Each structure stands twice: as C-alpha cells, then as structure tokens.
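The following pair of complexes shares a single chain, chain A, combined with chain B in the former and chain C in the latter.
Showing the complex of A and B:
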C-alpha cells in the first residue's frame, strides 16, 4: 500500500480572516488539496431580518473591515433596485470615486504588504522594507491615498459613515475634494511605476483554465453596474444570479462554497475583470498593461499581482479625473419610498463580484437577506489552483512547497471574514 | 541596546477592521516596527513567536468553544492585554444572537447546522479574562490605538476620554443634528470618533458604545416624544454594541441582569 503523508499550514498568514490548508499525498500522487475555513460564523443573513432597509449598508459593512464599501454599495444598489429609486448620475459618480478609494487601499495593502513578500521571499513587508524600503514606502503612501478618499467622502477608512440608500448623507464641498488632488497626481505616477515593478517579479509557472466571471458594463470599467458576464458567453442580470450560481455547505469550511448551477467552477476578481473589461481601462492603465505585455488572455494566477497594479492605476486616474471635475450635486441623495418588493445587486468588491438580495415588507423592513461574497465564489478555484500547483511540485522540500501553496492562495487576496468565514496549510502524505 | 517590547495581535470573531487600523497607520508603521517587535500578527506576517508578550491587542468576541479556550492561553502569555473594538469590548453586531435563538440563526445560513460549533451568546473578552484596557469603537480610531500602544509600552495609562460624543461635537463646532430633528445617540455614546456622523449631517448611531454613566432612558423617552416607534428605539440601541449593559438594559428591560 502506498505511503500517505499530510502537508499542512495550520494558520495561513497575510490573508484576511482565519483558515488553513491541507494537501493529502498518497505515494507520489497528490489526491486532495483543501482550503479549510474555520472563521466563526456571525449569521448576518439571520440578524438582518427585522431591520430597516436604511440599516442594510451600515450593518453589512461590518462583514468586512477591508472592503466595507463593497458591502455598502451592493446593499444600497439592491435596496434601490427593490424600491425603484432613480439615482442621479452625479451621485453614481461619487459612488465610483468612493469605490476607487477602496480599490486603491485594498489592492495596495495586498500588493505591497501581503503578496509581494512571497515573490521576494520575506516573511512580511516589514522585513522586506529593510531591503526594498522605497517600494514598501511607495505602497504605504498609495494605500494612504486610497484611505484619504474614503475619509473625505466616507468620513473614515473602516466602515465609512456617509453612505445611505439613495446617495450620501452629505456631499463633500469643493474645498474638501480639492485636498485630494495633489496626492492623486502623485499616485498616478506611483501606480504606473508599480505596474512596471510588479511585472518584473519572478512568477512560478502555472496556467489555469477556469471560467472567468465579472460585471461587464457597456462603457466603463466595472464597479457598481453592468450585467454579469463570463469569458464563455454568460450574460445575465444580477436578478438571475441565483439561477446560475449555487452555494454548498462543505465539511471543511464554515464558508459556503459557490459553483455554477451546471456544476462547473469559476473565478471572480481582478483577472476576470481585466479579461472581460480591458478595453474599458483608463488610457494610462491600458498603456501600462500593454507596456509590460499583459493581455486579457493572461491565465497565470500568480500574475494577478500585475493586474491589481493595473487596477490601482485605473482607480487613481479615474479618481483624479473625478476630483478635478467635481461640482457638488444639487442634492446629496435621491428620495426613497419603501414598498413590498425583492431587490438584487452585484458590485465589484476588490476581490470580485459581491451579490446581495433582500426581500422587504411594505414599510421597508427586511424579511429575508442573501449575501454571496467573492471569496466563497473563489474557494473552488483556489483549491483547483492548489492542486495544479502542488501536484507537479511534490518533490520540492516541504517548507518551500508550503510557501508556494500559501502564495497560490494569496493570488486571490482571500477575504475569509467575508466568506464567513480563516486559513490553516496541512499536507497529509500517505 | 534595550530589549524591544514584544507585541502580539489576535483575532477572534470579527471583521478584521480593528487590527487593520494598525496597518492603516501608514506614516508610523515602519517606525513602530523598529521600536517594538511584532511577535504575532497573522494578518501581517507568517512568522509567529511564542509568548510571553509584553502587550497583546485582542480583536473580536468569543463565540465558539475553541475561542473560549484560546483566550485563556493568550491571557497567560500576555503581561498586558487590551481589548480593541466593539466586538472585543461588547460582543459586536454578532451579539444580536444573544436576543434570539442561535440554533434558528444557524438554520437560516447553513443547510447542516449541526456541524457548526457556535456558543449561544457572543461575549466580550472581559467576560472570560481580566482585561487591562478596553478601546472602544466599531471600528476603533487609529490615533487612539497609537496612544494606547505607546502608553502601555511606556507603562502609563492611555489618555482616552470617556465623555460623550456631544462634547466632541461642541468642540468641533458642528450644528446639533438632534436640534434639527434627527434622532442622535451622541448624548449617550462614548467619544473617540470626533463626532463624525454629525459632521456629515447624520445622527450618531452609537458605534463607540455607551459613554460613562449615560442616561439612556431619558434619551429614549425624548425619541419617543419626537415620534419614534418603540421598535425604532430598540433598533437604535441594538446595533454594534447591543450587548453593552447600558444599551441592553434599555432595549430589553426584562432580559437584563
């Protein structure tokens, strides 16, 4: 009988939330790769029942300290879908600006502090800063500028307080907005340098073939709108999300795990967005991607760090344009009248599409809530990447294999608190 | 050279936002890492050193049997332990289960609820181990966090005010939103945010929890006089600090101790 062994990382670091990883090896063959999630559940879908529609953005923001804006945006769009609220375009523009802030903050955190140390073989960004001080400082300043947008428009970085159904509680003044301009002009240059730097990192070889799912609006890089599309011809409205995608409970995870109803797996996030929407990037971001040879056909998950850098550049350019042309809107929010209804929305969290669905009573009380976060959609793809990565590398020293597997997981910037839901790498060798 | 103090950051049931506040100190982070040794901080580093630690920052509430055991060990390993954020100091938004049936909650989210380990209540760290300081907020304020870390490493008490948001609001010169007719929790809510919501023309929603000696009943009476329904009053008090004693007492007069 073949010898079995287990290779394991009990507590995966530099991800958001708590998880572990286990590889099961029989003889020379990898038989299973599992991403285990043991983040304790918080039951958001249950505790939202009986709350007012007005509370949905502030309560769901607490699902994730890193991407609260994504939760707020999916929540407000789902409520507005249910009540038929018409939101003026200027408010839509401010929402895109807020989302730019979160993408810059979240992507810069991931690219510089969480993911780059893998490529350069450091345990963390603080150790990395001793050799690559300029890079880490540039990352911290970019991150800070993303957070500055959240402060000006949202009141604070984590769990912003200014978002409401219909728009904002108060629109920033022209003067408040102008304080962002010089920083963003610097950020555009720093982000362009970041694309070049990220593309120069050493990438392990891996070619994957998953269905790529993202929003695909007609005229812009996706944040808050657009049908859900895939590289294999899917094109549906958010209202049909649950017809196409289902979530299963699995024994090794407190996160529910999503798949296509037809049985296939898929992935969401930067690689999917870029593959489907590269033509909608800002001119500078498009040029920077082309300059480093990044194409929409890119399928090496390790190169997602370059795509994140391109998205940082896009977000900086779009934000700068919006700040420069800003005129305070006539009203900060559109009128909202609750009605008995169901509403759906998907928006693009930094890690991929985030689906919300609510059913409301006539007075706007939430009767039912359903939330499908990006990380539970990516869990299958992560496990399949791990399997593909580890199966050809079982002969490398175990510690090196562990590091490589951790890096494979970090390609997805998993947000485990969102998915419930943490990481721990175990390799069982038999 | 003097020994660098050892810092550990721990996560229990939470959203990660409060520990992220440490990484959000972008201008000070590298300097902090020079002055102190970050010995355990899973979100930031894959290196983890054993205790004892000079200071542990603890985020999150206790909601599982495993968490209940883990906090005991962390307390034994830590010279000072500071609970950070509404989850760690009051149970967080997930403490709404304390007012409901957790098994029913499980069945709403999971197809096989029996396989998920969850305690009946979500409880603050202080219900399980002695805590040297509680830093409030959902999320905490990163400037206050810097003050707390500096103070404990210098063996002094942190300078963190316990008065209400109203005091901060007056200092900031913001027009009172309650006078304009919006329900506002400012009079009973712990300071720390700098009166953020009123500065954005909305009523405070109490994310820093109760101020010192708040008169919650009087404020609830006032909301009722201004036309709030009883359910609205309960909802106002039951958000991110729902299980904090002062808020719980008013929202659930029969259920409190």
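Showing the complex of A and C:
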C-alpha cells in the first residue's frame, strides 16, 4: 500500500496572496509540483461591465494595493487605444515617473522586507531588522520615496486618484515636483549600494530555461509602450496578445493559467525585462549591473533579487532626471471622445506584463473587460522552477525543503491575491 | 503631514472591505466631533507607511479592525507590550501591516513612547461588502474610548508642562 505523508505549513506571510503548494513524490522521484492560487482580477472583469470608460483606471487600481499604478496604466492605455486618443509626450513622461514610483515602492518592499530574509536565513523582516537594522531602514526609506512619487503625481501614496484617461486630472507644479529631488538624490546612492549588497547574498544553484517575454520599446527601458517581445523572436503588438497567449483552467487552481498558444510556457517580470532591455537601462544602473557581473544571460531565478535592485536604481535615476527637468505640461490631459471600439494595452507591472482589453459601446460603456495579470502568466514558470528546485533536493530535511520552496515562489514576488496571505505546502510521499 | 500636535490618531484600513473600514470610519467620526489636541489621519495598513506616519510622534493612538477570538463588534484596547503581534490573514491588502509595523518599530527602536490601539473585532472583510451591524453599532463606543485616551494624554502633557 502506498504510504503518503502530508506536511502542512499554515502560514506564509511573505507571499502576497493565498496559495497552496503540493509536491507529489513517488519513491525518490518528484512527479509533480502544483501551485494553487486564488486571484481577484476575474471578479473585477465582471464588475467593470456596464461601467463608464472613465471608471476603468480607478476600479482596476483596486485590484492590488502594491501595484495600483500598473492597473491604472494598462487601463488608460487600453482605453486610449480604443478611442484613438493621442497623448502628448510630456504626459507620457509623467506616466513613466509615476511608474518609477511604483517600481521603487514595490521592488523595495519585496527586496528588503519580503525576499532578503530568505537569503539571510531569518524568519521574517522583523527578525532581520534586529540584526540588520540599517539595511531594513534603507529599504523602508526607499519604499517611502516610491510612495512619495505616487503622492505627488497621483494625489495619494496608495491607490492614486489623479490618473485619468488622456492624462492626469491635474499636473503637479514645479514646486511640488521639487520636493522629491533631495530624496531621489539619496535614493540613487542607496539603490546603487543595494545592487552591490543584493549581489553579495548567497544564491541557491538553479538554472532555468523559459521563454522570456517583456515589452521592448526602441529607445527606453519598458514601462508603458513597446511591442511584446521574447528572447525567442516573438515581436507583436498588444492587440495580438490573445493570438499568442491563452489562459487555461487547471483542475488544481481557481486561477486561470497562461501559456503560449503554441503550447510552451513563458516567463514575465524583472528577469525577462532585463534580458531583453539591459541596453536601455540608465547609465548608472547599467554600470552597477556590470560591476556585480550581472548579464542579460542570467537565468538563475534566485538572482532576480539582484535584477530588482538594478531596476530600483534605474527607476531612481530616471525619476531624478524627470523631476529635475520637469516643466508642467500645457494641458494635463488630452481630449477623449468615446466610440464603439475595442482597445488593448500591455504595460510593465513590477511583476511583469499586465494585459488589459476592453470592448466599448458608442457612449464609452464597458461591455467586456479582460485582464491578464503577471502572476497568472508566471504560474507555470513558478511550478517548473519548484519542480526543478525540489527534484534535486528531496533528501534534505523537509523544513529546509519547505523554506527553499517558499524562497523559490518568492523569486516571483507573486501577487496572488490581495485578500489574504497564506501558503499551504503539502508534500505527498508515496 | 506636518505635525501640529504631539498626538497622532491613525485610522487604518480600507473602506471597500466591510469591517476593515473601522479605522477610517472612526477618524471621520472623531473629526466630525471636533476632537482637539491631536492630528487625525486615515491611511493604508502598510507597515512602511505607518512607521513613517508615526515617526517623531511621542503619542500615537491607532484605530483599526481586529481579528481575535472575541465576538464581532467587541471594542478593545490593546497595548504593544501585549505583543508580539502577527498580521491577520484576510484583513490586509498588504504583506506587512500594523502588526509588522509595531514589531519592526520595536526591533528598530522606533516605537512611539506611548502607543495604544483601540480596535473593534471584525467579522467580514470581503471586498465590496457592507460593514456588519455589530461593528457599525460599536463605532460610538470605540470613538468615545479613543476620545478619552486622547484627553487623558493631553491632560498628562499639560501637567508635565506645568511641572516644567
């Protein structure tokens, strides 16, 4: 008779969301790694139907407390795509600055408070703070500076309210923008130190081979524009997203799981962005990455913490440049005229590309909404990482295996659900 | 915000999540009642934000929904010395909330001199749901306790100033 042992872990506070992981082991062989997640965007897709296009950015921002800007940006770009709105470049620049704020706050939270404790073998950031108070303080201050950008541009530190289709309700004054300058100058130095510090962490061995998918604009590190590209030759506009990527129901999860229509799995997020766009990083970020030996060929998912640090540095440098050269735009938003249409957009959320598609009636009422978040796109990759990681470590004590699996999941900073935090790990040995 | 007083009243939570809206609802109530000698703000339950908000404030009163084993609607006072605390699952929009803020503050030596939480036991934290009736009914009692704590702190401060 098969002997089955189940190990349950009842709390994992450092994964944003709710999930359960099951490892199926037969004899000495790992046969399956299944990650079960629950995610909220589906609820929002239904909620959006019948609402005005003007509400899309504010409603979708509520999906996530950590990356509301990503939801707002994908929403406004999709609406503008549908209605043929031309947004002036200076508004595009302000949007990039807002996105810099979100990357800084989201990445700083993840790098310093959620992921670093794994590498340094602390149970959590609180235990880490007792030994490495200066590092935790640096992370908190960086995060705060990201949130300050959201406040100045978005009107609030969380869930910005100043974003609208066509631009902003109101553009900041030069004086308001200048309040960010000293903080950002400090942040650039702190972020540079962070790259060096992150690169010095001990990294478990793991080499993965997924198709890497990210936006790849011609001249800049990606935030809001550019074709969707991959390291295997994909290059499509956002409008073709659903031709190339599909989401499936899987038996073990309430979430939809994305894959390439051709059948393969793929990966989005910092490693994909860096692999495809390293040449577009700010000069300081490029130099810092080179100094720690980080190359676009990096494929160890555990080293994504270093890439996040490089992206924090990029966002701080770009933000500082934009703040210093800021001139208020002539108008805060472009005119918008609704029409019967369909619009699509992908933008780079901190965790990877976030796809929105809307179908509108002639008066701008949303008839249909589709949202594909990065976490559902990365789920296969996370499971494959877990499989690769755990299959060579089945002989280690189960506590250690559990910690390693948790750390593997946290490589992706999965935003599984904004409702609860919970991972249930089951190792079924038979 | 620029501090006006030494006392900060911090209402935490999300009004979109039923009983999670306790903190903002209490701040609105106390503001409407004209609570004096304290700055009142409502904000997210985000550890970094909270640590920054109370930085430099000697006295902080936090108003928030609580999850323990008590009946829904029970008003309670919690002191940080009763910790360590753990963030409740399901009541937060964030990986690190108030409990983490308190414990991080403790670890970093950045806790306010006086820190008290007045909370109401919540039952429902679902997105889009209404605040549950026992929680709504408990708002006046919780607001009253909050007001008395601030008044007590203000009286203490006046005595200290008079002695000095």
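Note that the second predicted complex is superposed on the first by the 407 of 430 C-alpha atoms of A that agree within 3 Å, B and C clash if a C-alpha of one lies under 4 Å from a C-alpha of the other, contacts with A are read in each partner's own complex, and residues count from 1 in each chain.
The definition used in the following text is that contacts are C-beta pairs under 8 Å (C-beta built on N, C-alpha and C of every residue); 3 or more make two chains touch, one makes a residue touch a chain.
All figures in this text were calculated on a predicted structure; none of them were measured in a lab.
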{"item": "Room on chain A for both chain B and chain C (clash or fit)", "value": "clash"}
{"item": "Touched partner set for A:174, first chain B, second chain C, both or neither", "value": "neither"}
{"item": "Superposed model, chain A: greater residue contact from chain B or chain C", "value": "B"}
{"item": "First (chain B), second (chain C), both or neither touched by A:140", "value": "both"}
{"item": "Touched partner set for A:324, first chain B, second chain C, both or neither", "value": "neither"}
{"item": "Touching partner for A:129 - first (chain B), second (chain C), both, neither", "value": "both"}
{"item": "Partner chain in contact with A:158 - chain B first, chain C second, else both or neither", "value": "both"}
{"item": "Set of chain A residues, in rising order, touched by both chain B and chain C", "value": "11, 13-16, 18, 40, 43, 47, 62, 65-66, 109, 113-114, 124-127, 129, 133, 136-137, 140, 143-144, 147, 157-159, 422"}
{"item": "Residues of chain A that touch chain B when the two form their complex", "value": "11-18, 39-47, 49, 51-52, 55, 58-59, 62-66, 68, 109, 113-114, 123-127, 129, 133, 136-137, 140-141, 143-144, 147, 155-159, 161-162, 164, 168-170, 248-249, 251, 254, 256, 406, 417, 422"}
{"item": "Contact set on chain C toward chain A in their complex", "value": "16, 43-44, 46-49, 51-52, 84, 86-87, 89-90, 92-96, 100, 103-104, 106-109, 125, 127-128"}
{"item": "Chain B - residues contacting chain A, complex", "value": "11-21, 23-24, 26-27, 29-30, 33, 38, 42-48, 63-64, 67, 92-94, 96-97, 100, 102, 104-106, 108-112, 115-118, 138-139, 142, 193, 196-197, 199-202, 205, 207, 235, 239-240"}
{"item": "Complex contact set, residues of chain A against chain C", "value": "11, 13-16, 18, 40, 43, 47, 62, 65-66, 105, 109, 113-114, 124-127, 129-130, 133, 136-137, 140, 143-144, 147, 157-159, 418-422"}
